[in-house]
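Labels for the chains are A, B, C and D, by order of writing; each one numbers its residues from 1.
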Amino acid sequence: MYDTEFQIRAAELIEAGRFIDSRGWVPATSGNFSARLNDGRIAITVSGRHKGRLRPEDIMLVDAEGHPLDGKKPSAETVLHTGIYRRYPNAGAVLHPHSPAATLLSRLVSRVVILEDYELLKALAGIETHEARVAVPIFPNDQDIPRLALGVEEYIEMHGDILAYIIAGHGFYTWGKSVSDALRHLEALEFLFDLETRIHGAKR
Amino acid sequence: MYDTEFQIRAAELIEAGRFIDSRGWVPATSGNFSARLNDGRIAITVSGRHKGRLRPEDIMLVDAEGHPLDGKKPSAETVLHTGIYRRYPNAGAVLHPHSPAATLLSRLVSRVVILEDYELLKALAGIETHEARVAVPIFPNDQDIPRLALGVEEYIEMHGDILAYIIAGHGFYTWGKSVSDALRHLEALEFLFDLETRIHGAKR
Amino acid sequence: MYDTEFQIRAAELIEAGRFIDSRGWVPATSGNFSARLNDGRIAITVSGRHKGRLRPEDIMLVDAEGHPLDGKKPSAETVLHTGIYRRYPNAGAVLHPHSPAATLLSRLVSRVVILEDYELLKALAGIETHEARVAVPIFPNDQDIPRLALGVEEYIEMHGDILAYIIAGHGFYTWGKSVSDALRHLEALEFLFDLETRIHGAKR
Amino acid sequence: MYDTEFQIRAAELIEAGRFIDSRGWVPATSGNFSARLNDGRIAITVSGRHKGRLRPEDIMLVDAEGHPLDGKKPSAETVLHTGIYRRYPNAGAVLHPHSPAATLLSRLVSRVVILEDYELLKALAGIETHEARVAVPIFPNDQDIPRLALGVEEYIEMHGDILAYIIAGHGFYTWGKSVSDALRHLEALEFLFDLETRIHGAKR
């Protein structure tokens, strides 16, 4: 079950976690990460582990609906991951940091964060110019995760594709073709969210 | 006297100190940490050491009343630790960082910090939803430590159980079943206190 | 082609990248770095690599006009580097961090940042006293890089020599006789830009 | 000339520099450090070196008046060090970080920073309670270092002993019986200065 492809993806998620934690973006046991294998199974972090100190046994396997394939307990938020993979067939990895900047922004801004006139937008897949305008929706937090996943789904149906979304008081989700693409998106978005909070404070 | 259980707990406290210091939460020789052994004795940091560079000899043993068992000099704040262990029979470790965010908050807010609508509240023991409301009392600083400990005791008698408390201009205390549980609480609270100070600044 | 001088400069750029990234100044794949060789060829970072994790093959060679000499693809911003080398015959290295402070400043200030009364100005080449007044122009971001390079050129013609410039929403460029001189300028400017943003927030 | 005592003190200054730089408190080639030997000679950092990457040859010897004893070039600010050693016979080390917080404070506050109601004041030599009130004077920056040293001297004559002083736009000086005592003062003061700037911003 834990074949070479799984082991490579798991190692990438562990390494990504170490980096994300070193920046302070997954405090305590917050956050969760996943990568999709070629056959559609998903490698995902086990519930309740510190994401900066993951060991191989802290990555488990679920199927495309989020059911555990190896008897371990996946994160309660697994269906947010599977929802993204279902919606975006090219997504190979999903990362959810418990971002301080996104959490703070969700207290200052309601509904949507607009990012524009930033060169760093070009770090996001499919964006070739800083003149782009990227909208990142903010959803209210909800302990009913399937309902939260449905809200994301409906938003995309109505407003079109997104590159990331924020859950209020909770952090954000972003994804990419590979773990390294998703991590580039995460790093760029955290940087831009942080700037937005500082502009908000300085311009007020 | 320094049996295996003591050595394991001491190693955990040393490692926790290294992490806490790497984030800047125990500047100079501030802060103190302890863990309770099965027989009720308490392993606690010696007075005046830098908490990011602890060596095994910097952890000493006191009894449940805080009296030294090995001739070393414990922190002046030892009775705050023993007070927590007496009040909370399940507490196995107490950590006191000299938190910049809690120190700052104690200048901006008086009496109590209310944390709500944060997903990270779920990192605190016994909290299952972000819809919880956690009150962290702020006590005035006092060089008379027994009197300060009594104030904590009286607060809990009157208002019910707490998960942590702040001492104004000084930092906070939190605890857990194990060193790792207490560290999870510390990391989550520091994150939330920091957000609160930034919200306070940005919303003003 | 990749002679010893190239290898030394490449190693310096890789090491500089590691330091710059450790401070959070080249998020995702942003930023680019170069060094001029004695014969006028330029060692420069390949397009799209993470600047904190550069490997020797991520540094390529271009001629003085920015044309690749080894079939690799240089950064789209290569002509900003070659423009600086043309203008400043003593420049031996050019560094472009995607600075959070410069990006933020470019939202708070328009056209030019004035740095004065800072001892750290003495870290900039040719400045012997804190009583100096250093003007750092801000140019609007532009995906037409040759046009942006021309704007820099015209500014210098009109206003005289500069030590660095900011591109709005994008970061800054600075340079020096060697990689280590350019890095000293970068570190000093990032420090001063950060202070300026904080003064702007605190004095408002 | 470079006896064992010198080598031990030099190693302590190098290690202190690495720590201070890791926190971002000596950007570029700013800052300078010294330690007094038993015979009154002073080990001090050579002019123009990066304080986070000091090598043994970057520490030199001067006499009590600041004259080089080994043909190397000491920092231009050497007489500020010798002035402190002359004034305080117990001082064994002087550290001068180019502190971002002190630099920022000197733009927000004029003449003197008052620190009170901070537990961390107890990390400063001779202070036993948070109820202390510590005044840290701010002097205008001056490229005439002997005149600056004289201003410090006159201030102490008029106002009594101090534990540290800030030079506007430049950083602060602090000292202690040993390198480790001076470093404890430095770490505590940087922490408190940073809090003061944040309180200033948040309360405004």
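Note that in this section a residue touches a chain if its C-beta (ideal position, glycine included) is under 8 Å from a C-beta of that chain, and two chains touch if they have at least 3 such contacts.
Note that the structure is predicted; figures quoted are calculated from it, not measured.
Peer 1: Both chain A and chain C are touched by which chains?
Peer 2: none
Peer 1: If you average the CA coordinates per chain, which chain's centre is most distant from that of chain A?
Peer 2: Between chain A and the rest, the longest centre separation is with D.
Peer 1: Using CA atom averages as chain centres, what separation in Å is found between chain A and chain B?
Peer 2: Their C-alpha centroids are separated by 32 Å.
Peer 1: Please work out the Cα centroid separation of chain B and chain C, and write it as a whole number of Å.
Peer 2: 45
Peer 1: Two or more other chains touching the same residue: where does that happen in chain A?
Peer 2: Residues 201, 204 of chain A touch two or more partner chains.
Peer 1: Pairs of chains that touch, anyone?
Peer 2: Pairs satisfying the touch definition: A-B, A-C, B-D, C-D.
Peer 1: Please output the residues of chain C touching chain A within their complex, sorted ascending.
Peer 2: These residues of chain C touch chain A: 24, 27-30, 50, 98, 100, 103-104, 107-108, 141, 143, 167-171, 197, 200-201, 204.
Peer 1: Quick check on the complex: what are the chain C residues that touch chain D?
Peer 2: 23, 117-120, 123, 128-131, 184-185, 187-188, 190-191, 194-195, 198-199, 201-204
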